[in-house]
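Chain lettering (A, B, C and D) follows the sequence in which the chains are written, and residue indices restart at 1 in each chain.
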Amino acid sequence: MKPDLEVNLAGLRLKNPVLTASGTFGFGLEYARLVDLGAIGAVVLKSVTLHSRQGNPPPRVTETPAGMLNSIGLENPGAPAVVSKVVPELKRLGVKVIASVAGETVEEYGEVARRFAAAGVDAIEVNLSCPNVARGGLTFGCTRGMAAAVTAAVRQAAGDLPVFAKLGVTGGNLLEIAGAVAEAGASGFSLINTLPGLAVDLRQRRPVLGNVTGGLSGPAIKPVALWAVWQVYKAFKLPVIGMGGIMSTSDALEFFLCGATAVAVGTGNFVNPRLTTEIVAGLEKALAAEHVSDIKELIGAAHNGK
Amino acid sequence: MKPDLEVNLAGLRLKNPVLTASGTFGFGLEYARLVDLGAIGAVVLKSVTLHSRQGNPPPRVTETPAGMLNSIGLENPGAPAVVSKVVPELKRLGVKVIASVAGETVEEYGEVARRFAAAGVDAIEVNLSCPNVARGGLTFGCTRGMAAAVTAAVRQAAGDLPVFAKLGVTGGNLLEIAGAVAEAGASGFSLINTLPGLAVDLRQRRPVLGNVTGGLSGPAIKPVALWAVWQVYKAFKLPVIGMGGIMSTSDALEFFLCGATAVAVGTGNFVNPRLTTEIVAGLEKALAAEHVSDIKELIGAAHNGK
Amino acid sequence: MIYEVEIVTQRKVATGCYRLEMYAPEVAQTAQPGQFLMLKTSITLDPLLRRPFSINTVDRDRGLVKILYRVVGRGTALLAGRKLGRRLSIFGPLGRGFTVPANGRFLVVAGGLGIAPLYFLIQRLKALGNEVVVFYGAQNRFKLLLLEELAAMRVELFTATDNGSSGHKGTVVDLLRTKGIPPADLIYAAGPPPMLKALAALLREAEMPRAEFSLEERMACGAGACRGCAVKVIAEEGPVYKRVCADGPVFLAGEVVWE
Amino acid sequence: MIYEVEIVTQRKVATGCYRLEMYAPEVAQTAQPGQFLMLKTSITLDPLLRRPFSINTVDRDRGLVKILYRVVGRGTALLAGRKLGRRLSIFGPLGRGFTVPANGRFLVVAGGLGIAPLYFLIQRLKALGNEVVVFYGAQNRFKLLLLEELAAMRVELFTATDNGSSGHKGTVVDLLRTKGIPPADLIYAAGPPPMLKALAALLREAEMPRAEFSLEERMACGAGACRGCAVKVIAEEGPVYKRVCADGPVFLAGEVVWE
């Protein structure tokens, strides 16, 4: 018998719990020729701001030990373009869509969320790692107050849709921030965003990235991501989308055991564009082999007795 | 001509800027047969508490992608034993000694620092990543108040000795905490301590480490460490001891360019116990090859124009 | 697009330079000059990302694809150590290649490893019976690769080396400036950024026609999704970032903003 | 203590099990049974740490050292793929090995790969002319390694396999219980933790004399510095953590706290 991979993410029913991580799968359509988009639990879109943004000067990516740094700088065509061109096409393909909203002000977050909700996406993810212009570049996720304000604005704009607050682990205390966004109405969490990082070009004696610093992702950060999922699952009752360094079915299973209700593949897409669908198949196989009839049995299972 | 590797770390003159990272080189003596301890800039001792501590249940270490997790749990024989047995022996061998102090209360930190200062160590490092028993396990480095209180207590106990505050990058805002400890009298910073992390034993469906969570170190965290050094160097005038994933002379150079006045080798010692002295030799060679007569020319050099 | 292929031959063609041949019939069938492959160089998590390499030539009948590369870091070092018969994961062909007009006179300007994609282009242009003039520069004569193969194709070849060990002493752009740019319907170039920048300046001065340049930038996905490989180009609405992997790697010299 | 050595031979001795021989004259000269080496299995940063392997035997005259290992993860998989003649970085010999008394009657109990260090011990004990009885258990008969070599040393050998394909059907501890523990001045054991735990219980019941067990724990430094390889033992002051790498890997069965 086929194991049951269906999960319920705060009301969002997914046929399987394998998503794409925001910013690592474009708007999905880039991979349409290569990946069966309909076989992925849901596609999380690249973060979108209200107006189009050009992003940071190159170089924007560089490799680090078992990881990579990026400083894309939220390059995106703006909410109106994505809402009118991308969302309908994905819906036509039968893809579940989670929009990732970003902004420079609380109001911008709310407005972007409103437009995506109106466009009929299935859920909203709030990228709290954007710099707050009013606070001189401190990211919204850094303080309880800012994180809660953004989450509340999105919550209000999103109507009935589930809202997932996406958190990093630096800048503030993870559990404090998570508590604040939960209170502000988040339906669940996305964990984790990239860690801050920098790479040096020795020959030129300057930072590799045009933007000096960037976000660290990939297998290097997997232990930190598992820690974050473990802590937040233990402290809160809300569902968690786990991500950070997932490169295989085994990696995904580790996240479920720590408490993730769904997982997202980020950097792994770059190495293997079909990783999401391969993990879906891999989970079916692994669960069958271990006589687990339902993935939900595994969620948080490593907490037993801890 | 031999390049000049001498540096001045807040008054502590070192013949070269390559140190061992606390906890990764024991008390130095473990490596005495294998490494020329006198050739290392300074040996930073394993963190010591007032009384002996048994540490955490095994397993205590496990490998992760390009890194490792440890949960040693501050196992150490207590300050009296280290002060009477270890410090005199290291001094006899002509080794510069930086003691790393830890504790469960502000008072304990102060008392340990006092004993090491009396024993004649060359500087004190304050390990701010210890859990504060009075605050239910929140580490001292998490809040400005606690970090400042501990630093002030050690500062007072340390007499004339330089005091380096060792910070992590999670739990609180790095620059805020750094500012607080600077104000409380830190002579400089040690950056970075391990990141929090967790590894899962899939077969047994439980965390690998006996202590559930541990600290992530090694090349995986190098980009985060370089970022931290970069930020703190830019924001403060105080010297920085940089560490995190240093496995080669090139890695060390990257830290100098970002603003470190000295570097410390941690996990790298496990892979190559002679890495510190090899980096000393490697720096001499690299500087000579690039016609740099003094390592101090490189400190912070990547900041030019940024 | 993603294949596990076998390494058929791997030959050292100069110090630190290798030509690797793999059996990849689907790629051989569809690849166009200027397109590239993303190769996984390691079976462990370090190095992590795929590395981009231009398609150097294909043999459609035998299903073979070659790349020509230089060892510059860990990924290429691991690749050079790969044994024959070993499997290699490739992703491609990717990107938008060069225009290959049915007829005309063409000028090809190669710098260093820039010969890798241009060789494939020259083959196609010559196969169509066109006249092709090649200007080719490198550090020294040992680094001028595929000279015999070029000679066999009977292209008109001018070389330049930094030390004068073959051809003109100086850069290939110096040589072009000295000899004068031959008449051409279309100019193609690939090579290190300083060379391309200098060539773009020369062409602008000379008010020369369309030129297609193959650019390089650090890549993560190679598929147009991550926006990591940004290059600034002039569009109608002003300067914008385009993606080397999906909008390029071939761009018009005139549209690139050289920084 | 740290050497770059050459791989001289590497042989598959059973499914997933290999015996690797390296030229390491200094190690061959000083190594004692029960000591181990820390090997670097990769030239990249992943896998990162060295892996501990018992010294399986040495040939002092020819300067050779062997290890016997099973592929269980990435490090051992990479090791199994290493070509002959390739260089390998080793650190050792490390740890405190078995006591090797000049004479007496000895019982050796091996489980699975536990034979790796015990084989070296048996060689030494036999070389001193001692009487050695070996109880050796494994999953099945194909996993009983070095049987010919043991036979050649004329030890008294009793085997046990989980499926009964050789010797007693059951664990080696069951076998000991069934046959009765032979008289011995000193007992040695190495094998998986459940086996050692069961054996320790049996020996306690039987009020048997001193037994030396070789333990395993995950290691980082192998040199006694990191305190990563903790094992709980009873000391005068009560239970304390000792270091498998520096205080062991050989401990007295009676002092270990089995958890």
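Throughout what follows, a residue touches a chain if its C-beta (ideal position, glycine included) is under 8 Å from a C-beta of that chain, and two chains touch if they have at least 3 such contacts.
From a predicted model like this one, the values you see are computed outputs, not experimental measurements.
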For subunit A and subunit D, chains touching each: B, C
Chain located farthest away, centre of subunit A as origin (C-alpha): D
Gap in Å, rounded to a whole number, between the CA centres of subunit C and subunit B: 46
Distance from the mean Cα position of subunit C to that of subunit A, given in whole angstrom: 36
Distance from subunit B to subunit A - Cα centre to Cα centre, in angstrom: 33
Subunit C, residues touching no fewer than two other chains: 45-47
Multi-partner residues of subunit A (each touching 2 or more other chains): 65-67, 218-219
Arrangement of touching chains [line / ring / star / complete / other]: complete
Touch list for subunit C against partner subunit B, complex: 45-46
Interfacial residue positions of subunit C with respect to subunit D in the complex: 42, 44-47, 74, 78
Complex contact set, residues of subunit B against subunit D: 23-26, 30-31, 33-34, 54-63, 65-68, 70, 72, 75, 218-219, 247, 267, 269-274
Subunit B residues touching subunit A - in the complex, by the definition given at the top: 64-67, 69, 142, 169-174, 195-200, 202, 205-207, 212-214, 216, 218-224, 226-227, 230, 245, 250, 253-254, 257-258, 298, 301-302, 304, 306
For the subunit A and subunit D complex, residues of the former touching the latter: 65-66, 219
